[in-house]
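Listed below are the structures to be examined.
In the two complexes below, chain A is the common chain; its partner is chain B in one and chain C in the other.
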Partner chain A sequence: MTRRFRRTLAIAAVMFLLPALLLAMVRELFILQILTFVFIFAIYAQSWNLVAHSGQFSLGHASFLGVGAYASVLLVQHLRLPPAAAILVGALLPAGVGLAIGGLCLRLREWYFGMVTFGVTAIVQVLVVEQFGWLTNRWDGLDAPRLVPAGLPLERVADLNYLIALGLMVAAYVAVASIMNSKAGLAFSAIHDNELVAAGCGVDVRRYRLLAMAAGGYLAGLAGALNSHTLTRHVSPGIFGLEDSIWPLLYSIAGGLRTPEGPILGTLVVRVVWEWALRRLGGFESLVLIGSLLALVVIFVPRGLYPLAAAAMSRVGARRRRPAGVTPP
Partner chain B sequence: MILDPIVLFQVLVWGVVIGSIYMLLATGLALLFGVMKLINFAHGELMMIGAFLTFLLASRLGVNPYLAVFASMAAVGLLGVAIEELAFRPIRGTAKINEIFLSIALILILQNALARAFVPYFREYAQIRTPYATRVFALGIVNIRYDFAILLGLTWAIMVALYVFLFHTGFGRELRGTSQNRVASMLMGVDVQRIDRLAFGISAALAALAGSLYGIINPFSPYGGTLPAIKAFAVIILGGLGSVRGAVVGGLLYGIVESFATFFLGGSWRDAIAFVLLALVLLIRPEGLFRGTA
Partner chain C sequence: MTRLCGTGVTKRFGGLVALAGVDFEVGAGEIVGLIGQNGAGKTTLINVIAGVYQPDAGSITLDGQPLTRLGPDRITRLGVARTFQVPQPFPSLTILENVMVGLVFGREACRPGDAAQRARPVLDAVGLAGKADLRPTSLTVVELRKLELARALASGARVLLLDEINAGLTAAEMQEAVALIRTLREGGIGILMVEHVMRIVMQVCERIIVLHFGRKIADGTPAAIAADPDVVAAYLGERRIRPGGDRAGG
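Right, the complex of A and B next:
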């Protein structure tokens, strides 16, 4: 077990235990709902961030979110799979979609990539509504059954959803952190920095870009399925909108791009600011506020909040460790 | 399927009209990309602000919309200059991707600020009313709306003015020079930052014109700018990034293709057709149909 992996596990333990403790203390349903939302969308942001780590800035992540949700709901409806299994199996379809989009866009970078991925989302929406309308109930969408077995009291359902979402978020964190720290992560990073040089150094660009898209597709699809079985209880073609493609990017930028912790911190912070603003200011003003904060982050803290927080933490740690009697230079 | 020539001709006219709007949007984007190597994803929001200003002037003050357009262009042009100065200038030279992020932030800000401003005026959709809304004239076998004719005339007048500006003035020469080689232009004594501002201002003003014309022929909402702008990106990628000629030809062609595709395939394909085309072109000819600058 490497040092990095031990560190990942330690962070994961804290990440799981703190919210689990919180569940024992906080009983307000709306706080639990917000946090469940944060866990689910942290998985989604994690997925976007992993794909971005390989130099592919997707503006069409909603395709994965939506396809995952539809796949899972359809598996439950037609193959009678239990929802808990369906979310894991259903996410294989968006992973396949990720491979297909990744293959289509292999030669593209930056905004070309962003544009095409965005466009693909529009195409996916049309396909879901028109071509697969018989399966997806067109614009009306499908109702999603509860994730947990029927018959439980509502409060238990909320608790279970919270814990399942939290567990999956931590699992996704460990998975993504391990990928980023592995040889594949190094390859992603090399491709991100300079695709030509990476290829010149023997990195199989094609293979790793596709790998990132498939993994990203799986995680995003999982988040979409989880969301539809717990919070929205419904999935409709509206999920393939621009907004759902922008949110994960916002969360990741705010938290810290290309770190496995960033998307989680970012989702939490942005979502809490958002919920606060929504109650204080109203919908339009809150979005203006979120947009302004994002602009300020991009201009002044382009690396995001997590590296900032981590640096502050290590500075505090260094001060404490400093031996007595030695004056700093 | 009705293959009535009159209907087909109407589809073509509609394609040319909507294509002119895409052309205006794409031209602004191409100009901006040429000079600053920047893609402003918030272009569609500038477009809708333009539409809204024209709407206000026309409906509140009773100004003829085709005159109000010019005030709206000036105001949005200034807004564009301010955006360049306050937002894009500070991150110039950092990672390219920051510009995409920043323009996404701008989408959120402008879209929702606009939606907020919209609230008192109408519930959902607005349309700019012109005095000629109900009048048509006969052109051969079909009737054409006066608005369509004025819209096309205005668009082409502005495009000719832009052409004269780019190719027959000193500023235009500096702008084209910056577009071809920024460093060399700088060394030749061109104030490239001023050219940046100029390009952003022109691009925003063209977006305002596009938005106002769009608002005359279509009901619009604060969120309605995103899709036309994204189609305009598709157009400039199709036409070769930074190529104004590609933007003009591509915009018109795209409007016509979209119009016919909608007619033959059905309405829900209207927005997806752009991306089918885009994916095809990027796969077959990634450098675009017209490579080159200015």
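Right, the complex of A and C next:
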């Protein structure tokens, strides 16, 4: 086991245990719901961030979120799969969508890549509503069955949803951190920095870009399905909206682009501030607050909150390890 | 033994013929210079060999194996590595990781777990051992060129394409680079180097290819090239150059 992997596992343990402890102490349903939302959308942000790590700037991530949700709900309805299995199997479809979009955009980078992914999302929405309307119930959408077995009391359902979302978020974290520390991660970084030079070093640029899109499609689809089966209990074409393509970008930038921890911390901070503001300040003021927060982060901590927190923690650690009476150089 | 061999290599950009039927050869352990005026097609030739451009006609082989029509990554994996005219490090990776990219994805196809270990001696060889954990932004121009070379070497190259590795270096730094290039040759690597500094070309190259508006106008030893009236008229100008001498020209 490498040192990096041990570090990943240690962070994963903290990431799971702290919220699990919180569950034992906090009984307010709305807090559990907000945190469940954070766990699910942290997976979604994780997906966006992984794709960005390979130099692909997606503005159409909602297509994965939506296709994953529809695929899972349809698998439950038509093939009688249990929802817990359907969310994992259904996410293969958005992984395929990721491959298709990735293949279409192989020669594009940055804004151009963003433009096409943005456009494709609009097309996916039309396809889902019109061409597959007979299957997807058009604009009305579909009801999503509960993830957990029927007949449980509502409180137990909330607890289980919370734990399942948390577990999947931690699993996604370990998976993405492992990818980033692997051969593929090295290829992603090289491609991110300079595609031509990466190819000149022997990196198969197409293969790794597609790999990132497929993995990203899978994770985002998983998040979409999880969201539909737990929080919204419904999926409709509104899920393909632009807003849902933008949020993961904000979460990732706030928390720390291209780090596996950043999207999680970013989702937590941005979402908790947002929910608090919505309850205390009202819609317009909340937008101003969240906008200012993001602007401040980008100006003063451009690398994001996680690198800042990690640097602070290692400084504290270093101070503790230093023998007394020795002044730092 | 011929490592790299090109016949009739032609590349057009619209109406412009950048390379017109260029033949070339680089043997194992041979250092071949590629000279010519700006726009003569030197970097285009490097790009065609590396697979960045596909030639419109002609063929290129490495140890007898055809390279034409292969992508740049395949060509690198077969054993042709290059450096860029302007150093192009991966800025978000450390120096060590930059070299690891070459090791893991190049001809060596080194296992990622071993790559960090194996990158160290490569950094040692170019004199960047102390900088392994820094990012390229903290390197000087010379060091960036060394990194460029280290990354190319790490890929397990059998042929190395050097595009103006000495540009922007001081005389002392150039001598350092020349010494380094000479040690590489000992291992049987064939080197094709684009170079503007005539003193360096005359000093290190066993053979020189001269391009002029996309055509090869000469191919021979430094002494023969310096005496070639076509080359003198097209490139070197009227000043006399002694092979191995220290008077700069060009």
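We take it that the second predicted complex is superposed on the first by the 329 of 329 C-alpha atoms of A that agree within 3 Å, B and C clash if a C-alpha of one lies under 4 Å from a C-alpha of the other, contacts with A are read in each partner's own complex, and residues count from 1 in each chain.
Just so we're on the same page, contacts are C-beta pairs under 8 Å (C-beta built on N, C-alpha and C of every residue); 3 or more make two chains touch, one makes a residue touch a chain.
These numbers come from a predicted model, not from an experiment.
The wider contact with chain A, measured as residues touched, comes from B rather than the other of chain B and chain C.
In the superposition on chain A, A:Ser182 makes contact with chain C only, while chain B stays out of contact range.
Touch criterion met: A:Gly200 reaches chain C, while chain B stays clear of it. In the overlay built on the shared chain, the residue A:Phe57 is in contact with chain B alone; chain C does not reach it. Applying the stated contact rule after C-alpha superposition, one finds that A:Gly291 touches chain B and leaves chain C untouched. By the touch criterion stated above, A:Ala190 is placed in contact with chain C alone, chain B being left untouched.
By the document's definition of touching, of the two partners only chain B reaches A:Phe118; chain C does not.
Once the two complexes are laid over each other on the shared chain, residue contacts for A:Ala165 go to neither chain B nor chain C. Looking at the shared chain after the overlay, A:Arg258 reaches chain C, while chain B stays out of its contact range.
Within chain A, not a single residue is touched by chain B in the first complex and by chain C in the second.
Note for the complex: chain B touches chain A at residues 39, 87, 90-91, 94-98, 100-102, 104-109, 111-113, 115-116, 119, 226, 230, 233-234, 237, 266, 268-269, 271-272, 274-276, 278-279, 282-283, 286. On the side of chain C, the complex with chain A involves touching residues 50-52, 71-73, 76-77, 81-82, 84, 88, 90-93, 97, 100-102, 104-107, 112-113, 151, 155. Residues 57, 104-105, 107-108, 110-112, 114-116, 118-120, 122-123, 125-126, 129-130, 242, 246, 249-250, 253, 283-285, 287-288, 290-292, 294-295, 298-299, 302 of chain A touch chain B in their complex. Within the complex, the chain A residues that touch chain C are 2, 182-183, 186-187, 189-190, 192-194, 196-205, 258.
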